[in-house]
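Think of it as A, B, C and D in the order they're written, each chain with its own count starting at 1.
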């Protein structure tokens, strides 16, 4: 999720396009850009990765402008869902609006039904359209778009970071618990940027200013400075998603003031402290286990090694062979480095175990390459509870951690030992950040009330933990 | 525009796909299909021709069902307009709806503004969304979707043929003047079909039953017969668009009971009666002038000949040469048959002259092929007035007939003589049809009141007369 | 097959591209262009239609030049045959060469084996490569490329029209029997053109000069006039392929001095004379039966009518429904015009019957549209014998005319009567052309000796009669 | 380059396809596969990466077989070079042949001219076609294909590793100096494999047997064991390309018995010994500098860190912004990790400096991320001399090391210090390998005589060092 507000007409479309490349890891299902040229908004979005959706022709047709917003979306199974891609673009007598949303609204279904009974018609099944209509309806009663956002926030419960573009303003907002990240940056020419992660700022050479506060509404306008509305700040228990540090965010991002790379190294350090093992080399499962492996190595003194070479040409168009699909597929992507592991006792760090199928093959590859022992250390606690705030973890049944004990899993994956990061440790991985995390997916305890039944709409704008196994 | 209602789950998607091929000439800008499988509606639409938008994967994902609707849209310039493609799909607590519309609503802007001030948000700039919301709003006050359609028709002014699919019903409706065609057919298994033109029925081997009456609402439901609501019938002056017979409809269609092919032959006959000429051969400009040329030949006794061979491989991907573009482009598509015209006095029948550039090249090609005289006869009167009812003729300024007399045009295009069909004659070309035509684009006299200023929204769902020159 | 020789660097690539569009009907399997810029030859060819193979990027990379050749190839089943596409490009110390070939070499296999035993290596399975190597080998013993062509022609038996481009010359040659057409044209700037059919000249606005004579070698060179070598002229019995007039060539082409359109009208006239019938209307099967239908109408006095409307949007990407494929497929492409045939006795003219499946459906469509009688007249004699000279007619077994009598076929296709053009008549359809035809596929009598066994290589560069049924 | 020989019909095409993914880094310009099904060879090759060229349809058409060969080619600039892609497929009376070649023939031009003067015609401009014809010509005089290969090797001078497939045999050969690698592996079912690098064996789960010896010809045949012909072994000075260890090969490959990963770590170790520096962290330029950075860290005791995050979504379809292209492009792909380098003295290891533009930006990114010092260490000596044996390094002029001293380069790239690996050190990086390297590109001293003038054909099948900077 990204927005830029310049003081003059410029190539905001291409800057947004570059930023979406930097944010692609947050959503691979669909993406889009909306550009504002002196109040006239053009938009384009579709199912696919950024390079699938955007080409020179489409970028050219979007043209230039003084503001732009962009979005990458990670969604549930289901094809033909182009209408759910974002930015959502709406026309209204009070002015058009392009809206980007990351998160999940807990009371979306109730809000939607109430609106429909008053004549509102929905085009999509997303929470984002509920948010957009809540804002538009509030707009009829309020003097400004930002006032409408503030009023709408009074009705919305759950997780939402928003970037909204009106004809003359770019607005960022974050739910009062601050579940999802959202930061503010500035280009050397003074242009303001809102982005889900600071790595998008780095891509554009922008300076990180600060994070949007939980509950805050920040307004940028071409030629103006930033303004802030804090009506909703401090109204709910804080709860930045711990999973952002563990899995979602890019290691080079700084989230709410803490480095993701260092947080992951810390996870590795804590693992080494809590679950030590005698070994000759520490390796990470590429790419997500590498940071924690380095931390484990530093803490334990066991040398760090390169355990796998990843084939960087394998992509979505690779045609799978018919048989032994899982093993062949992993083997194609990863080759164990015998030079590193042969004759060695190996500590393998991964960042999660979802269904356990990939890690089984990885352990086997290490043994085939000559590892004498393979000790698996997971740089996160097991997921055992649903997320209602925008992360699409599998239902409890399909998670291996819900069906088996750690010892059983160790046997299933064929390792010599297995240990997870403790819940206490995960709370401490980003110490430069004083605020509490939401660790509901590990503990079942959430910072705000959640529905009894898992709401269907929670799947809508989340980030899929499953992508990792594929 | 097409809809099918079966008594059982079947391959309604593929039947709709075939029908859209038969109706492709009515709109080349975008197209779409929505399918209803036991109340669950899937839809897909995009910018492009039917073969561009649909492939085996998309058809497969749409799957099977008991009802389906499809649309081909002809729209204005402007890229990235995918959101304006139809069927329009809406979700609502009273049930989802897929809507197809052909025509133009005269009071769309006023209706839209009134709705927006009550909180309605629009996603598109189309009249179709105004119609859809009018129906949805009425639905909150009415006991059935068909009652909502009838109530909404009380607010809509202008031209509209509609095919609407709700979870359990397929509904066809036509504005009280009957500007745009809409007919009813039936498959041998009893399934009912609604289609803009009867040629779509033929493609599927369906039997033509009758046309939807001006002002009528017809309801089909799986397992039921047809029901009709005639509340709005007879409430306005009739006015089927004469241009349907002259240019838009396929010659093998029967529109409001009259054969388009015979109407065009009649146009040729009247031309021969009113503007005779001594000549050796009558030829038609392919493909649209061929029927009238045959009529002219029969009436005049001058032999009919094949004057041009059309290159059937030239398509949208042809790369134009840089210079002499217009002539080279026409020459690539059409080759004059010297064997037919060399040393002959030729009557050339075309169905319209828009800017006059193509016909100039065509006349020149005939002379280069050895024609000693070229007499042009146009099988329609000159367009001189705007259409407010869904045909996107150029603004008055760019039409050659608005700037020059017939004699001047004759000189510009380099013909030996030029004559148009008279307005009196065009009214008689479909004699098996007793009702009055709308001939407003020829006379400036319209069957219902029109706005002073040409409304911008008239461009939205019309059929472009300009395509012909391209 | 096309070649152009200009006096200065110009856009010969785009002219060749346009010409290939005009010649696309002669081969739809693959195509290619080679361009010569001051002795440096670039080439590009691939499997597919002209719009599939060429786009702006490829045309741009080929660039400009003073000479170019192009080819469209019609080949046998079998994918992945890109290496067989033409122009064939060869490098040699005596200079590179791009070669285009239309026809079939009767002694190709023997020549090939003899060459291979001397160390020659083949990259393709085509006759064209045999011709190219025969010329290159002769080149080592001769002072010029044209002398090499003349010497090589002494070894080649069978059908070949050739267009060859060397660094400084463009050479056209035709086998001594003149089986395949090849004509010469000139642009207004003096540039010379060689083309398989004169319609390619018309496309470029070029003037038809004359045909290459059977056995003649014609040399063009930038800045020079044409030169002719007639060594092989008059050395074999003449035999232009009659099938060119009946089916292959475009109606607007003039082949060896005779109009194809008039030849087909004459075929219709002779049918009317030899196989008259009482009827109300004469129609043609689109598009190939239309010319003969007009001739039948003129000769018989029975009015000509438009019997079918063809859907011009159905293309290769159309996705077939699963069931009733043949009928549904024909019905999608052709709609019978009830306005023309209902209640009428109809004469239907087609240009050939191959397997009889399509014509059966067509006859049925006419009856469903109300025709009271359907009399089929075929504007060619039945094919009963193999072609050794480049036309890929089905093996004798699959041709319906080889298994059934005319009366039996009449029953199979469900017509009221059926008659073919007589062999005597087909010989007279192009009376302005005094030379003898090859009518071997109708009679089994060929102008030159043929192999006992049908050579496999005959399939290689031929034109498929089967395409018509598809 | 890859070949597989099975004892029974199996999915050799898909195995080759997987292997080409593992070998993609050796050539990104074009690729291809030829499959042998009981003596019948099908082949397909085109310009592009493996996923561009192969899809399910093409793989399906190639089908199954008992042998297959595949190739990835890295070639010079110039589009439309599809005919130069490999495997090269030839037909001949002694049997067809598919040939894969890696290397460069020093006397290719002379051999080619001699062949042409005897009537041989070339289709491509590659050395590979010269090799293929030399073998085919020898085949007419020899009793077997392997004897022909041995005889042809007597004429060929330079670098060549070959994999050749005839109807019944799969043959591997390596030039007497052993410039390019080629190894032998075996599947658990006994099938034999030849591959340029052992990582392709790992991908298929095959066991590494040994390398093909310099000068050796190895023959595999379905149902037979391996046979070896050593006629040419020991006839020339040995000289495996050192650049294979430094840059070309994948780190997980074992080349001539030595691990590439360890060789690169050794390069880092020698750098730390020869050019030590006081610093706080050692980082590698991704991905090629990572191994050496780890070696430098181990040797020096300076901690290893993750200095950059690479954006794995940026691909060939990324649309460059107009201005500041170089910096923006690098910034998009690489983000410096402030958490690692901020406030630190950094050692940056890269594996080469070609033009110096990328490294300048990389150094700058580190400083912007807070590095207080940046010391660059290059894990190879500077390239100063042309390669005649298949590596396409830039001409001497464009290499920064040819125009400037190390100190000047240090200033240009803005580093605090710069050092290269010494030539003495590079000779020792793979100590488990006792044979001499060719280090001609560093020293100008080559193991075999080279032409005075850089032969044009050297560009033909080489691997481009330039790809790295792009």
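Here is the rule we go by: contacts are C-beta pairs under 8 Å (C-beta built on N, C-alpha and C of every residue); 3 or more make two chains touch, one makes a residue touch a chain.
Note that the structure is predicted; figures quoted are calculated from it, not measured.
Path length between subunit A and subunit C in the chain contact graph, taken as the least number of steps between touching chains: 2.
Summarising the inter-chain layout, the chain whose CA centre lies farthest from the centre of subunit C is A. For the pairs A-D and A-B, the larger set of C-beta contacts lies at A-D. Separating the CA-averaged centres of subunit B and subunit D is a span of 61 Å.
Centroid to centroid, with C-alpha atoms defining each point, subunit A and subunit D lie 38 Å apart.
Remark: subunit A and subunit B have CA centroids separated by 48 Å (rounded to whole angstrom). Of all residues in subunit B, none touches two or more other chains. Touching pairs of chains, sorted by label, consist of A-B, A-D, B-C, C-D.
Subunit C makes touch with subunit D in their complex at residues 42-44, 58, 61-62, 79-80, 82-83, 89-94, 113, 116-125, 132-133, 136-137, 140. Of all residues in subunit C, those touching subunit B in their complex are 11, 14, 17-18, 21-22, 24-25, 49-51, 54-56, 59, 199, 202-203, 205, 250-252, 254, 259, 261-262, 287, 290-291, 294, 298, 303-306, 309, 311-315, 317-319, 321-322, 328, 331-332, 335-340.
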